[in-house]
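Note that chain A is present in both complexes that follow, paired respectively with chain B and with chain C.
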Partner chain A sequence: MTDLAQNTLDGLFLGSSYALLALGFTLIFGVLRRVNLSFGPAIMFGCYAATWVNLNFGVGLMALALITVAGAVLAGAYVERLCFAPHRNGSPIAAMVASFALWMQFEELATIALPRHIYDFPPLHGGTPLEFGGLMLRVESLVMLLAAIVMCAVLWGILYRTRFGVALRAVIDQPQAAQLAGIDVPRVFVLTFALASAIGGLAGFLIAASHEQVTPMLGMWSTLKGLLAMMLGGLGSLPGAVLGGLALGLLEAHSQWFLGPQYRDLLAYLLLFVLLAARVPWMTTRSAS
Partner chain B sequence: MDDYAIGVLTNIGLISFLALSAYLLLIAGEMSFGQQAFFGVGAYAGGMLTSMYGWPLPLAALAAMALGALAQFLVGLPTLRLRGLYFAMATLAAAEMARILFELFHFQRQVEGEPVGPDGSQGFRGIRWVFAHGVEPLEYMGIIYAMLALALAAFLLVERSRLGATLRGVGEDPQLAASLGVDVNRVKLGAAAAAGALAALGGVLYAHHNTYIEPRNFDLMLGVHSLAYALIGGLGTALGPLLGVVLDIGALEGSRIFHGYRMIVFGGLVALLLVWRPRGLLDERSVQWLKRRFS
Partner chain C sequence: MSALLEIRDLVTAYGKIEALKGVTLEVQQESITCLLGPNGAGKTTLMMSIAGILKPRQGAIQFGGENIAGRPPHAIVAKGIALVPENRLVFPTMTVLENLQAGAYQQGDKKTIAEDIDRMFVRFPRLKERIEQQAGTLSGGEQQMLAVARALMSRPKLLLMDEPSLGLAPLVVEEIFRIVTDLHRDGTTIFLVEQNAHMALKVAQHFYLMEQGKVSFSGTPGALAEDEVIRRAYLGSSKT
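So, the complex of A and B:
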């Protein structure tokens, strides 16, 4: 019983990091109708920038968080300019393959700057986990969950309480009508990309701090988990991204406990495959061609 | 030719099968993130048949191709009605499942007193048919390119035929094709099965070239690379994917000019190239232009 509760708890924490990644992904997808494979690698770039600064100058946690977010936004802007702005009305496949090409750049850049396979990343807290009636709670996990909740609230505020939010939702729902209504669509694209990258950067910082390490694999990991969580929750849906992330986290935590890591991944992919093949309504309503 | 050149050329030939396989599906209007799985199926099946059961390589290759075609047919059956990203994600999920299943796959038998066969994530060593039959590396490269030439000839024949026009029609506008009486689903399933067989053939040849394979060889990176090769080379002709492979593996890795910076150079070039030519270097337009020029 304790195990079950502990796994559920771990799953929620894990899921909140996936939810953050999926939020960034789904913002970009919802607005651009394009998949940004470089989303994870841009986050990895931010984490590597922070690690590099930390190794050379030794800065505090807040500064590290800022550098990670700034690095991710910078990398995101580069991706937007080179892969998405030119293909705005063109081929989605070309945009996606171009974003994959930049992924290769980020990965090589990271290994040139920091050639070892693994680098330490300072933890948020580093102390022993807190205990609550037999349940173990890591401070990092709590912060992650908190960050996910706060980010959702902030995002909701931006989307429903600002002019930019109205414009963004208009572009998601009816890009052409939005353009006709006088919304500066290219500007919305750029700002959305920056916003999504900032969320990704924050997620990356929290993930690196809770793993206490960075590796070049963080790029692929973030892209895969973000894509999976986004697909599970329904493309382009913000609440869906959060739910998809939490569902993926719960599934992984429980299957890891009962079946081990290989079956954990197998099960996650199987679920995605079956849901796609069954064309469940919440997943395949949006046009994604 | 020195060993290094033979190695690079052999690699170009092997990866070309995978790029052609991705290209075939792109022509049929589907983007697959999962062709590496069928490459893997071919590699495992072919390697097992020659090393564990003593089949001759040509026979094992045929069987592996049949299995690759069947595997992709089965994956395609529930997924080919999905469009765009949904199909891409379904193939990604299928391919990652296949890779994990390779990691869980332990199946060995005693051959000449030694255990041979796939050993999960430890990999599968001892695929020695080529070595045991005294085939020299240069000769083996010749075999690979002969197979590739056959595949290309088939492609070029099909592209000139009615079937080729139907295939491109299905890829460009499935609704229009359907309204003209084309059974879109059947055409796509056929293309998928052929793509699976092609990838599996590449896999068999790859396994027998390396003599050792492991699940990690067939990860997502390989699949997305082959997709990228097809797209940058161009979707206008089957020579396009080959050009993509030659540009990356041949010109950049082979030449060693940009040693250590290859991916930065290649990645930037690909992104810029796609701005200029979203359907690759040898796209439909440049193929038409070349045809006018040289006919």
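So, the complex of A and C:
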């Protein structure tokens, strides 16, 4: 019983990091109808920038968080300008392949700047986990869950309470009518990329701090988890992204416990396959709000 | 009267295919000008070119003494042109109120926006009843009214309307045309694309016939017998 509760808790914490990644992914997909494979690598770039600064100058945690987010936003804007702006009305495949090329760029850049495969990343707390009635709670996990809840609230506020939010939802809903309403759509694209990358950067910082290490694989890992969570929640739906992330986390935590770590990813992809094959209703809609 | 909009030798192409092959026409200040023609004549292409969605290859679009051809859509809205697009294109998952707010995107002042929204609800009382409803759940006629109201929220000097009666029941079509004449009476200049030539000729002061990417006739509604206009508007004249 305690195991089940512990696994569920772990799954929720893991899932909240996936939810953050999926939120960023979904914003970009919802607005552009394009898959950005470089989403994760841009986050990894932010983490590496922070690690590099930390190794050379030794800065505090807050500064590391800021550098990670700033690095991810910068890398995200670079991806938008190079991969998505030129293909705005063109082929979605061209944009996706271009974003794959930038993925390779980010990985190469990371290994040139920091050639060892693994670097330490300072933990948020570092102490022993807290214990509540037999359940273990890591401070990092709690912060992750809190960050996910706060980001959802902030994102909701931006989408439903600001002028930019109206513009963003208008672009998601009906891009041509958004242009006709006088919305500067290319500007909305860039700002959306910046916003999504900032959310991703925050997730990246928390993930790196919770793993206490960074590797170039963080890029691929973030893209795969974000993509999977986004698809589980139904493409382009923001609440779906959060639910998809949490579901993925729970599934992974439980399957790892009951079946063993080697089945963890297999089961997640199997579930995605079954859901897609069964054409569950929420996956066939393309609405974003 | 002077021309608010002057289009000269406008060419717009999709790849190698020219949909507009040198269109020249004028819309007079405070008029209703109507554009008729068969499907594929290039009417929607012309509207999209004026609104900046499509980039013309050649020619000029003079609006208020300035050439706006090739400017981006948001810059053209800022100049005072709003297009009610074909098939309405409301924002389906946003509420009626949010659709109107999106239409006022370039209006800075919150108080003015609130006043404009109130004015829209006076003009379109049906929209007020549906204020919190998602636009995608409205009927076709209501969506058309919302699309018109959304365009008016940008306070345009020139209102472009692309087939506002498309797919609507006769009674609703009557209502849409009543709104068109109301707007005109209140001082809005209207440039209207219509399939319903009979209704369009009743409200317009001037009309153009377009065929195969060119203006083939220009005149006042009495200048050509209505059945001749309708025949050419639906079938084109080249076959006779």
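As a working rule, the second predicted complex is superposed on the first by the 286 of 289 C-alpha atoms of A that agree within 3 Å, B and C clash if a C-alpha of one lies under 4 Å from a C-alpha of the other, contacts with A are read in each partner's own complex, and residues count from 1 in each chain.
Here, contacts are C-beta pairs under 8 Å (C-beta built on N, C-alpha and C of every residue); 3 or more make two chains touch, one makes a residue touch a chain.
The model shown is predicted, which means the values in this text are computed figures rather than measured ones.
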First, second, both or neither for A:R138, with chain B first and chain C second: neither
Touched partner set for A:L270, first chain B, second chain C, both or neither: first
Which superposed partner A:H254 touches (first chain B, second chain C, both, neither): neither
Chain B versus chain C as contact partner of A:I183, first or second or both or neither: second
Touch count on chain A, higher of chain B and chain C: B
Contacts of A:K225 with chain B and chain C, given as first, second, both or neither: neither
First (chain B), second (chain C), both or neither touched by A:Q105: first
Overlapping contact positions on chain A, where the chain C interface meets the chain B interface: 287-289
Residues of chain A touching chain C in the complex: 163, 166-167, 169-170, 173-174, 176-186, 287-289
Touching residues on chain A, where the partner in the complex is chain B: 35, 37, 82-83, 86-87, 90-98, 100-105, 107-109, 112, 220, 224, 227, 231, 235, 262, 265-266, 269-270, 272-273, 276-277, 279, 283-284, 287-289
Contacting residues of chain B [partner chain A, same complex]: 26, 31, 78-79, 81-86, 88-90, 92-94, 96-97, 100-101, 103-104, 220-221, 224, 227-228, 231-232, 260-264, 266-272, 274-275, 278-279
Residue ranges of chain C touching chain A (in the complex, touch as defined): 51-53, 72-74, 77-78, 82-83, 85, 89-94, 98, 101-103, 105-106, 150-151, 153-154
